[in-house]
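Read through the structures below before going on.
Below, subunit A partners subunit B and then partners subunit C, in two separate complexes.
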Partner chain A sequence: MKLKTLKILAGTTAALLLTAGVATAESPKRGGILNFVVGSKIPSMDGHMEGTFGMIHPIRPFYSTLIRVNPANPSSTTDFVCDVCSSFSSSDDGKTHTFVIRQDIKFHDGEPLTAADVKATYDKLVFPPKGILSLRKKFFSMVDSITTPDKYTLVMKLKYPSPTFIPSVAMPFNFIYSKKDLDTHGYTWHQKNVNGTGAFVFVQHQPGAFVEGKRFDGYHHKGKPYLDGYKAISAPKMAVRLQAIRGDRAAIEFRGFPPKARDDLISALGDKITVQEGDWNCSLLVTPNHKAKPFDDKRVRRALSLAVDRWTGSKALSKIAIVKTVGGVVFPSHPLAATKDELTKIPGFWTDIDKSRAEAKRLLKEAGQSNLTFTLLNRAVDQPYRILGVWLIDQWRKIGVKVTQNAVPTGPWVDSLRKKKDYQVAIDANCQSIVNPIVDVSKYLGSASNNYAQYTDEPMESMHEKMSRSGDEAEQRRIMRQFEQRLYGEEAHIIPTLWWYKINPHRSYVKGWKIAPSHYLNQHLDQVWLDK
Partner chain B sequence: MYKYAIKRILLMIPTLIGAGLLVFMLMRMIPGDVCEIRLGGTGLMVDKEQIEICRDSLGLNQSMAKQFYDFAVGIATLEFGDSMWTGRPVTEEIAIRFQLTLQIAIMATLTAVIIALPFGVISAIKQNTWMDYCIRVFSIAGIATPSFWLGIMIILGLLIASQHLFGEPWMMPIEYTPIWEDPLANLSQTIWPAVAVGYRYAAVVVRMTRSAMLEVLREDYVRTARAKGLFEKVIINQHALKNALLPVITLVGIEFAFLIGGLVVTEQVFNLNGLGKLFVDAVLDHDFTLTQALVMMVVAVFVVVNLLVDLIYAWVDPRIHYS
Partner chain C sequence: MISAAVFADQIAMYNPEVNDFAAMLQAPSLDHIFGTDEFGRDIYSRIVHGARTAMLVGFTAAICGSTLGLLVGVTSAYFGGWVDITVQRVIDVLIAFPSIILALAIVIILGRGVGPVIVAITIPLIPNCARVVRSSALAIREIPYVDAARAMGFGHARIVLRHISPNIMAPYLIMLTTFLGQAILAEASLSYLGLGVQEPTPAWGLMLKSGAEEYAESAPWAVIFPGVAISLAVFGFNLFGDAMRDVLDPKLRDR
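On to the complex of A and B.
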């Protein structure tokens, strides 16, 4: 057993070192087909109306976006670079954003891309006509107008300066469509058809099986892509994805594997596997239903948060589940995130768990709930929902609270949270693509459509409004701390657990792809090459 | 005979209506709908307006009566509509998967029949000998072994053995290639699930063949045949086996029909893009149109297979006449 552990550790270290060493030493090779597995399926191919990685991983390489997360530095939460633009700038008052569009870009059908195409795309995203779905509409609520002063300039005017605007533009779902396609075929054509300016040209989609793309020779990032093509193979079962990498039927899976799967692959293949790991812009939450007694009492909610030993739990759970980092309301490495000192001042994040649990018991007694029992609604998905559910039940048992877990399929789980609202306490998650903290934390507003806890909190709404309109990062940070303290500490509207942790073991011959804070990001594949 | 066949085909109509009504109601009793799952399930900021746009476009805001009317008209005109999840025609979604599922079902049936008939017969004629005991162990183990578990063992076994022998682990393809495009690629993927499913299938048929043969071998006409001095081979093949086949044919028919749409877990284990996987996805996604069409298809397959089995009875046993 010890030998196996050592072997795994040695393998991991070797693989990680290998990545670090190779990244700077090698120059990309051209050619080859990248096979990768996708653990979900494609609803439609229209990025504007979908929110799943099942669409992003196979379809994103066909499209470009106006700006994107820097492919050379995707771990950064603030590094955005042009894709179809050559430069972008903001006015001093932060209300006018100008994008200069490149003049050497062509769609896969041969038509040149101009600012008119980008405007038509953003008109569909920001001001969709009645009856047309745009899942990103709310992200652009600050946009007042979109104009094209000339053929290659796009100007977006905002109603107010907003720090969330640029990250929202960089979201990977904002595929640039051709104005001609939108005018000729209508706003639903892209659900089943592809015509983009991305690194790869659509070849075929076999529903439920795979999507195939081939290199676009006219791609605007010169010299790229390196691959001749790719095949995104649908494989819903994790065991199949894992064995596919082991048996080299696929080289990589971009979403992430649990620690055990990583260790199994390293144990079987040694240095033929490279591992990339990092924090994931997903946090797992406990949502008490404020309209179900006794969870309308903040003493009960606070007690439930105080009982959870996040610091010890992180060490144990990160060995078996895709969670790791203890963090506050903002993605851990972002400038707006709480430092450890700031975090440990919030009830529930104290480092002295005995003191924390004593306070929890006191609060329960004060609320007359010393023998509290309830049912925890959970999603019947192992990683990390059910594992965290079991852990939480054990944590709450330590303050005398008895909890039964009710894990149900996604359909009834969503229905209970969104429509029926018949649960007592539920496990929920906040998973986003681009790290855009002020938008990401909007889930915690009582008015948010994806907040299921059923509370209203005017001071929090006001704090969020101020953050959204502040151009000063120091001020945003200060308000964010108040917001966090109120959400997790004073009111305990939501009970945080741990941030997810992304683990991507892949065949070592896959080069050029770097892990990002989300499985939605850095999936255009133009920088990926095969060292075979 | 023709009258009988036509009567049976006409009986399909009330059966399909009953099944349709049942699945229509059951699907709508499950909490949630496709729009909630598709848009809200990802945790995005999706407001009610967006959900309503989705529901309107899929007709989910219409009255139940209108939805059932559309469904019934769809069945009558064989226009099953579009999948609520992908927007593609339901018939297209099914057709893509049907070919693979049918191939696996045929291969598993062939595997089962090729193994089961000789084993069942040997087990019966060599009753209570070591051969009988071995075949019984083989068949009871087959019934007790879930196909998906055997599938997992096959995959892991191939990976481990190939790595040990050749230094690089080998796994069967995880994407389907039609047999006429590349027979080798096709068989290297489909042979393993056919074996995994065929083993359990064979085990059931071995048991049935054995017990049917034992029963027939004790009949007077078999004793008479032996008394007449007929060769044992002729007695077994022409007199006993033919008569023992009736329950075996029924079983093979039912198992075959079950494989069309029933290979749920095995398809997932081998990543087969078949009807079983589509069925599960459709139910989990609350894709009403696709689930309804799939249920209707499976019901139709069962009815047709049962009819075929009945017609084969008459061919196997000339004493049976349909009037």
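On to the complex of A and C.
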């Protein structure tokens, strides 16, 4: 047993050391097919309306974005580089942003890309017509107009200067579509069809099985991609994904494995496995449906939050799940995040769990819900949904609440949250790409299209508006605390659980890919190569 | 198994649904004779309580499936003609689907949980029982006492329920006991596929799934014990079915 532990420790150290010096001194090799596994299916292929890794991992390499996070420095919250633009600049008042579009870009169907395509894309994202879902529309609420003064210049004018604008543009979901496709086929065509300017050309999608792409020879980042192609293999079961890497049927899984899986892989494969780890801009939430009784009563919602012992849960669950950090509404290591002192003042984060649960029981009694029972809608994905679901049910049992679970596949889960809204309480996640707290917390606004709790809260809208317009970090921080207190404490609109922790063990021959604080970032794959 | 299901609360050493993070993934010991799972839940207690789920689903599905099959089979044989032809063609269609595929389709339509799982397992059992029962009923239909009952003016329902059905109890009971094992296995299969009962309810298939996913190598007890429970239950009910046949089949009785 001791020997095995030592072996794992030695393997981890070696692997992490290897990662630290990743490929900087190595020159990329060309060729090969990257096989990777994806633990979820593709609800649709339209990045503008989706928010799941199940779509972004297999589909992102077909598309470009206007700007993107620097692939060489994906952990940075401020390092953005051009993708389809050659330069971008902002006016002194921060209200006008000009993007010069490259003139050497072609769509996979051979049509050249111009500023008109980028404008058409952003018109869909920012001003979608009624009935067309743009999941990140709220992120662009500051945009006043989008114009193209000439064929290769795009100008976005803002109603007010906002520090969240550029990070929002860099989001990996903002696939650039062809104006011709949007005009000819309509705004829903991209849900099932692909025509991008990304590093890879779509070859085929066998639903539930795999997505295949091949190198786009006309890719605008010259010399890239290094790979001949890739195959994104759908494998919802974690054991299958793990064995796929172990048996070298796949080289990597970009979302993340639990600690146990990492240890097993290192133990079995030693230095053939490299591990990259880091904090993850993703947290799992409990979303009470405010339109379903008794969850319209904030006392009930607060009780559910007060019952959860996050501090103890963090220590235990981090051994078996991809969650770790107890945090507030902001990515834990960010300057805008709550300190532990500030956090422990919010109901639900108190360190005295007995006091917390006594208060929870009192609130339930007061609300006439001492024998509360409900069904928890969950996503049938092992990590961390299943684990957190079981844990939460156990936590709620401790205040006398009886919960049954309904874990369904991603499609019906999304459908229930987004369209049917037929759940009582659901597990949802706030997984963002770029760490940009003011944008990231916009999910908690009642007006956000990806907020499924069905509430309206004007004071929160107003706080968010103020943060978005403020250039002063101290002021942003102060308002963020009020926002957090109202969201998690006073109103308990949403019940937070734990922040995720990303662990990516992969075959050591996969080079050029760097872990980011999000499993959505750095997935264009144009910099990935195989050292075989 | 029946004792375990009935006296689960007395036999189990721990609450099967309560997490105990101080005892995560512990190997079998005096405190936890079958070890613990990743949530620190006692596997022995979960297996004992899992017998309840297995029995509830197994018995309900087997009894409902074989009883409905009995009624369908006897009715089909008794009326004959177009009723028989129609019923048999429907049965042909249902039998054409592998039971587990049919059950999967039904669960997807009805949703998850104990109720839908019982329905999903029951429906594929009906045609199997109906077909066997019909062949026995066809023979009994021709026996003079059925004609006598008809001549006395008894209604169809009375003849079917009181005069034919009791005389095909032997094949019915044999089918019933055979179905018990099948239903338990089907419940475990559906749970393993994530379509049966839901966590944290203790169910053998679900336990097998959770353990096999991540801990088959490092904590094999999380997989072995639920697997053994399923095997023993199915084996036991199959033996019971064989014994029933031996007792009820006159040809085998004296051997």
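One rule holds in what follows: the second predicted complex is superposed on the first by the 343 of 532 C-alpha atoms of A that agree within 3 Å, B and C clash if a C-alpha of one lies under 4 Å from a C-alpha of the other, contacts with A are read in each partner's own complex, and residues count from 1 in each chain.
Keep this in mind: a contact is a pair of C-beta atoms (placed from the backbone, for glycine too) under 8 Å apart; a residue touches a chain by one contact, two chains touch by 3 or more.
Fair warning: this is a prediction, and the values are worked out from it, not measured in the lab.
Peer 1: With both complexes superposed on chain A, which partner does A:Ala261 reach: first (subunit B), second (subunit C), both or neither?
Peer 2: Only subunit C; A:Ala261 stays clear of subunit B.
Peer 1: One more residue to check, A:Trp391. First (subunit B), second (subunit C), both or neither?
Peer 2: A:Trp391 contacts subunit C only, not subunit B.
Peer 1: With both complexes overlaid on chain A, does A:Ala239 touch subunit B (first), subunit C (second), both or neither?
Peer 2: Both: A:Ala239 reaches subunit B and subunit C.
Peer 1: Using the superposition on chain A described above, determine whether A:Thr164 touches subunit B (first), subunit C (second), both, or neither.
Peer 2: neither
Peer 1: Looking at A:Thr404, would you say it contacts subunit B, subunit C, both, or neither? Reply first, second, both or neither.
Peer 2: Second partner only, subunit C.
Peer 1: State whether subunit B or subunit C is in contact with more residues of subunit A in the superposed arrangement.
Peer 2: Counting contacted residues of subunit A, the larger count belongs to B.
Peer 1: Per the contact definition in the header, classify A:Gln276: touching subunit B only (first), subunit C only (second), both, or neither.
Peer 2: neither
Peer 1: Taking the superposition on A as described, I'd like to know which of subunit B and subunit C A:Thr325 touches: first, second, both or neither.
Peer 2: Once the two structures are laid over each other on A, A:Thr325 reaches no partner at all.
Peer 1: Taking the contacts subunit A makes with subunit B in one complex and with subunit C in the other, which residues are shared?
Peer 2: Dual-contact residues (subunit A): 237, 239.
Peer 1: Which of the residues in subunit A come into contact with subunit B in the complex?
Peer 2: Counting only subunit A, the residues touching subunit B are 37, 41-44, 51-52, 131-135, 137-139, 191-192, 206-210, 231, 233-237, 239-240, 243-244, 246-250, 268-269, 409-412, 414-420, 428-432, 439, 442-443, 448-450.
Peer 1: So in the complex, which bits of subunit C are touching subunit A?
Peer 2: Those in contact with subunit A are residues 17-19, 21, 24, 38-39, 111-113, 194, 198-201, 210, 212-218.
Peer 1: Enumerate the contact residues on subunit A facing subunit C in the complex.
Peer 2: It is residues 237-239, 242, 258, 260-261, 264, 312, 315-316, 319-320, 380, 382, 386-387, 389-391, 393-394, 397, 404-408 of subunit A that touch subunit C.
Peer 1: Subunit A touches which residues of subunit B in the complex?
Peer 2: Those in contact with subunit A are residues 30-33, 36-48, 50, 53-54, 56-57, 85-88, 92-93, 96-97, 152, 155-156, 158-159, 163, 168-176, 268-271, 273, 277-278, 281, 284-286.
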